[in-house]
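What follows is a group of structures, each given as structure tokens.
Each of the next two complexes has chain A plus one more chain, namely chain B in the first and chain C in the second.
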Partner chain A sequence: MSISVLDALRPAKKPALLTLVLVIGLFVGAWVHGKYLSDRSPVQPIDFSHTIHTTDNEIPCQHCHIYADTTPVAGVPSVSKCIGCHKSLPDVREGPEILKLAAYWENREPIPWIKVHDVPDFVHFTHKRHIKAGLECQECHGSVETMDRVTRVVTIRMSWCVDCHTEKEVENGRDCWTCHK
Partner chain B sequence: MSTFVEKLRSYRKPGYYDEFDYHWTMTIDLDRCTGCEACVVACQAENNLPIVGEERFAQSREIKWIRIERYWEGEYPNVKMGFIPMLCQQCDDAPCETACPVYATYHNQDGLNTQIYNRCIGTRTCAVYCPYEVRYFNWFTYTWDEPLEQQLNPDVSVREKGVMEKCTFCIQRIRIAKDNAKDDDERRVRDGEVVPACVQSCPTEAMVFGNSKDPGSKVSKMMKNPRGYKVLEELNTSPSIVYLTKAHS
Partner chain C sequence: MSKISRRDLLQYIGAGGVGAVGGVLYGESVQRNVELLIPQVVPPDDYSPGVASWYNTVCNQCSAGCGISVRIREGKAKKIEGNPVHPVSQGRTCARGQAGLNALYNPDRIRTPLQNAGQRGSGSFEEISWGDALATVGSRLGRLKIENNASRVRLLTGRVRGRLDELFAQFMGLLGSDHYQQYDFTYPSALMAANKTSYGTDVLPYYDIKNATFVLSFGADYLGTWISPVHHSLAYGHLRHGQEGRRGKTVQIEPRMSLTGASADEWIPARPGTEGLLALGIAHALVSDGRYQGSDRDEWSTALAAFSPARVSAETEVSDDKISQLAREFGASAASLAIAGGAAAAGTNAVASVVAVNALNHIAGNLGKPGGVIFNSEQAFSSAAASRPAGHQGVLDLTEAMEAGDVEVLLVHDANPVYALPENVRFQQALQNVPLIVALSSFPDETTEMADLILPTNTYLESWGDDVPDPGVGFPVASISQPVVAPLYDTLSAGDIVLSLARQIGGELPIRMRWGTMEEFIRDRWREEYNKRESAGEAQEFEAFWQASLEAGVWGQPGADSGGNSVPSTSSTIASIANPVSMFAGGESDYPLVLHPYLTATFLDGRGANLPWLQELPDPMTSVVYGSWAELNPATAAEMGIKDGDVLEISSPTGTVRVPALTFPAIRPDVVAMPIGQGHKGYGRYAGDRGANPIHVVANQIDTQSGELAWAATRVKIKRTGEKLQIIKTDGVTRTLGRQILAPKNDHG
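Moving on, here comes the complex of A and B:
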């Protein structure tokens, strides 16, 4: 008569299988969340690619985000700005995403872009000061020019702001009311 | 512990306030004040102050960063009524700052006594310590009925329940003026470029605001007026607001 350990393990089979499924589910869930549900990289109404515009076609950031160096907000380009270029690009006019853009233009509706880099309402942030101080867009936004879908690479927290202000010795950069409002 | 005390002493060392970058100061000529409360309304609009309602007003829970106090002079029948606008005096030696357990209120480099709403935990100690009674507590989270929320000032945060608030000398306007000055060849803010809402709205120009470190500014000249006095000066709070008493013939 031989003794098998399998008999002893049999009661543990079910929970083990369940655990395995759970672990796999966890990984799949995390991947799906990161890819499609996370606010770090939200799925936008139009699958706009910064890579095509900025890297392939070498359009500078401030060609579309025109207010970055003059006002607190950088500005999301209007539909007319998009259409303005795309009307004269017959080779991509029939693309599915361009047709979506055309539909917004026809319906006279703004594109409901989802904000990726959002600072809380109690924070005073101005793009102008940061651009004029000589910061590159990429220092805070990451390499957006290589992103097919914009992903937030930094965690926008007070410590992150203060660390940079301290490092760069910003004038009054650590006074609370420089950023809080 | 000892280093903490040393730090506090160095912060509070004599002459610390002479090192201010700017020293925002206000003068209020009581001879010109008619008690019209235009400043009160202007402040309400500029700084997103809530309307607390009749019931809460009766419970002394109103929020007014500037208020007009009424006083009587002389004996009947020769009585004269006077008004005195009372707002945060932005004391250089502010009692409220010493009281806050979380440093939500502190003195900044511009000589302003400031309040960080996020940091405030609502102990209300500062309001108790304030001899001028100009700190206001949010007992509730107030909301604005549509479409009134559209008129909220985006440069000022809307405070929530459990937070102390007070006059900021319209720091958002100071910030904009500094921002513009920086664009203009990194120069200093000139006299008259910062005008708080109350000063702007005063029909008799009783209030003057400016940088008292600039000897040529209008406020510096007004401060030299022999009628000038500071409210509750004997408490050594060194207020930043100079009142010009009523002229008597």
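Moving on, here comes the complex of A and C:
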């Protein structure tokens, strides 16, 4: 006579299955959040499309992000820069998003854009050196020129930085003090 | 597997749903806080985010006129350092200069125009607009001008130099009032008056400590508070070890050891008020030893006959051996220099004492040569600025006029006489007779609190101006003060307020004072100076000159002879040699101790007390932080049964303060010393209700020659109150606990 443990476990089968479903649910929920609700792709105060600006109208990145090659930060364009072009574009003047822009300009208020790419304060990151080293914007930011809403495609972690520094044989690229001053 | 029942299916769906919601919530919980990217609406021309630039301007924390560089990032001031190319500060600053950021970002700053909304002095104010505020003042002044009563308008400012002073003077002149006074407690009035007597000059000479080999200082705390401390500290460094194989010697004569005294080779605590007499004793010894070979040798002998070291020794309590030794060293040094300041120049004999010190410099042949007294010619950018006195005389006159009801409008700019005058001058009470008091100030203080109308001013880091350092540095120098940041609040610079008032009043004022802004005025004046110097002054060239001066923060002509080596005649010095012994308020039997109030390197005359960095900076001699204290010699304290922290009642013939006692070995037993600067009642949160103000109990004693306040001529008595107060200090004990680290030689028990 064989003794099956299954029989002994039978009363626990249903709670175990329920727990399994719950755990699967957790993963699904976390994935859905990451895909659609996370800070990887936040909804911005103005529905700005990089596709229209960069691909359709062929505006180079640094036309608007003017500080990228000279300072640590790339710089979001000032409100005056946006309105500077848009006031001479009658075709789109009445678009709902352009009206939002006009309202910010009228009130002399800055647009509270939400940060997509953020490096912690203890990292001494500078755009200037990366641009000077000949990196394309897309290498870190992804194909922003095809994004209607900017989405972070990389995970900004130290391993990611160091991998790239190693691969490109950056001088002192693995030295702590290069990034942590 | 068996068929799932409907009940089970619902349970599984439920579990999955709860899990999914949990997953979303988890994702939400590990999400970083939303950070915003705030763009500029309109970026300034020179804006680069994350990149600092340094802008040069002039420090205004005291009257030395140091050039400073301010580090600016994204339009915000981050750090102040000395301007390396400025000849006064040479890349250095003092603690007060560093704390300029505390002034800029001070949370107590006045942010909008205010008008009194209650009893005068109650401190309750309501906001009004600039338009209303300027119209109120403008119309009142305009009416007085039309009624030919403009002389009932008075302007009292702190020590203001350069073009702002010129603007104030012009404004008051056009208005028809010649009552424009300055008041600065730290103004070296005795030095000015004595130099006028001895050398006939209104500008301070350059005391060349740097190249001296022997500096004999009568009370001048030149490393902490005297005239130009940053410059003197650099000079002191050079004196000590700037030249191979030569180490200059310094001797400090003062009743309580200051930072300068502690840095000196010898500290001589002569009896307070007899420092000038000691100088004459040394002069006598020099002349009788045949050190002086001038043609007027006999006249000097006669003038100094009464001051033999034996007699001087008895009065000064400095041994005649010491006097002879000082005379020998002073006479034999390659480059000796005697200077006077502090309490030694604040007795009823102040001018006579400084004249005595001037005599010493003459006899030793120190005038007009390196390491001695080098005379500055007229200021580089000639204006009356440097010569406008900022002593007590003007403010005492003002008090009288207010008491007599002769003042209808009082404009106060950047001065706090309610705090920095003895209480028995009764300045605050006299203010009650003035119908309209208008304060131009960045901060609420005891004087601003009495105002009916407050016009908030920019700090110096937000203002245009210029400055000609006084004392000069031996060649023509002037600096531009530029706003390094945009005004933080709805404030205006004092110059712009004056120009706006001129437009409000109308008539000839806006025609003669045609500048739209202070910046325009400064540029206009600098263009005039430029044209005066460069005969072919074309606009293009001036722009380049202006831009270069602005960037460098200073303009100068090193090497250009300022005519400084001409030595003035000293016959008037001989004539004004008098017996310089200070008279004290209060009899010796009732008031056994001499009160020695001293300026501190942090608060100066109290103006630094609202800056938190300065509050938390320990006093260099006692290491005390925050609060006030009274220093007593341990012997005196032991005799009276006083221990550290015992709260004392210190009474002069005119008032009383309460402060904790602190025993301090480097002070004469018959002296009680108190730092000036604390004891504010209305100077913002950092200065509030902390310590006591010794100036308030100083008797209204007057220097017999200049009529200036003698703030070091008051006797006091002390009494224990029985209370105790913990004195906060960073030192442990001052004793060596038998370790024989130091073997102090104390002549005074």
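What to note about this one:
The rule is simple: the second predicted complex is superposed on the first by the 145 of 181 C-alpha atoms of A that agree within 3 Å, B and C clash if a C-alpha of one lies under 4 Å from a C-alpha of the other, contacts with A are read in each partner's own complex, and residues count from 1 in each chain.
Keep in mind that, in the parts below, contacts are C-beta pairs under 8 Å (C-beta built on N, C-alpha and C of every residue); 3 or more make two chains touch, one makes a residue touch a chain.
Note that the coordinates shown come from a computational prediction; the quantities given were computed from them, not determined experimentally.
In the overlay built on the shared chain, the residue A:C176 is in contact with chain B alone; chain C does not reach it.
Within the superposed three-chain model, A:E109 lies in touch with chain C and out of touch with chain B [touch as defined at top]. When the two structures are aligned on the shared chain, A:F122 is found in touch with chain B, with no touch to chain C. By the document's definition of touching, of the two partners only chain C reaches A:L37; chain B does not. Contacts of A:V79 after superposition on the shared chain: chain C is touched, whereas chain B is not. The partner that reaches more residues of chain A, of the two candidates chain B and chain C, is C.
Shared-chain residue A:K132: touches chain B; no touch with chain C.
Common to the chain B-facing and chain C-facing surfaces of chain A are residues 126. By the touch rule above, chain A contacts chain C in their complex via residues 14, 17-19, 21-34, 37-39, 42, 67, 70-73, 75-80, 105, 108-115, 118, 126. On chain B, the positions that touch chain A within their shared complex are 21, 106, 108-109, 112, 114, 116-119, 155-158, 171-172, 175, 179, 182-183.
Chain A contributes residues 121-122, 124, 126, 128-129, 132, 172, 175-177, 180-181 to its touches with chain B in the complex.
Residue ranges on chain C touching chain A, taken from their complex, read 8, 11-12, 15-28, 31-32, 34-43, 48-51.
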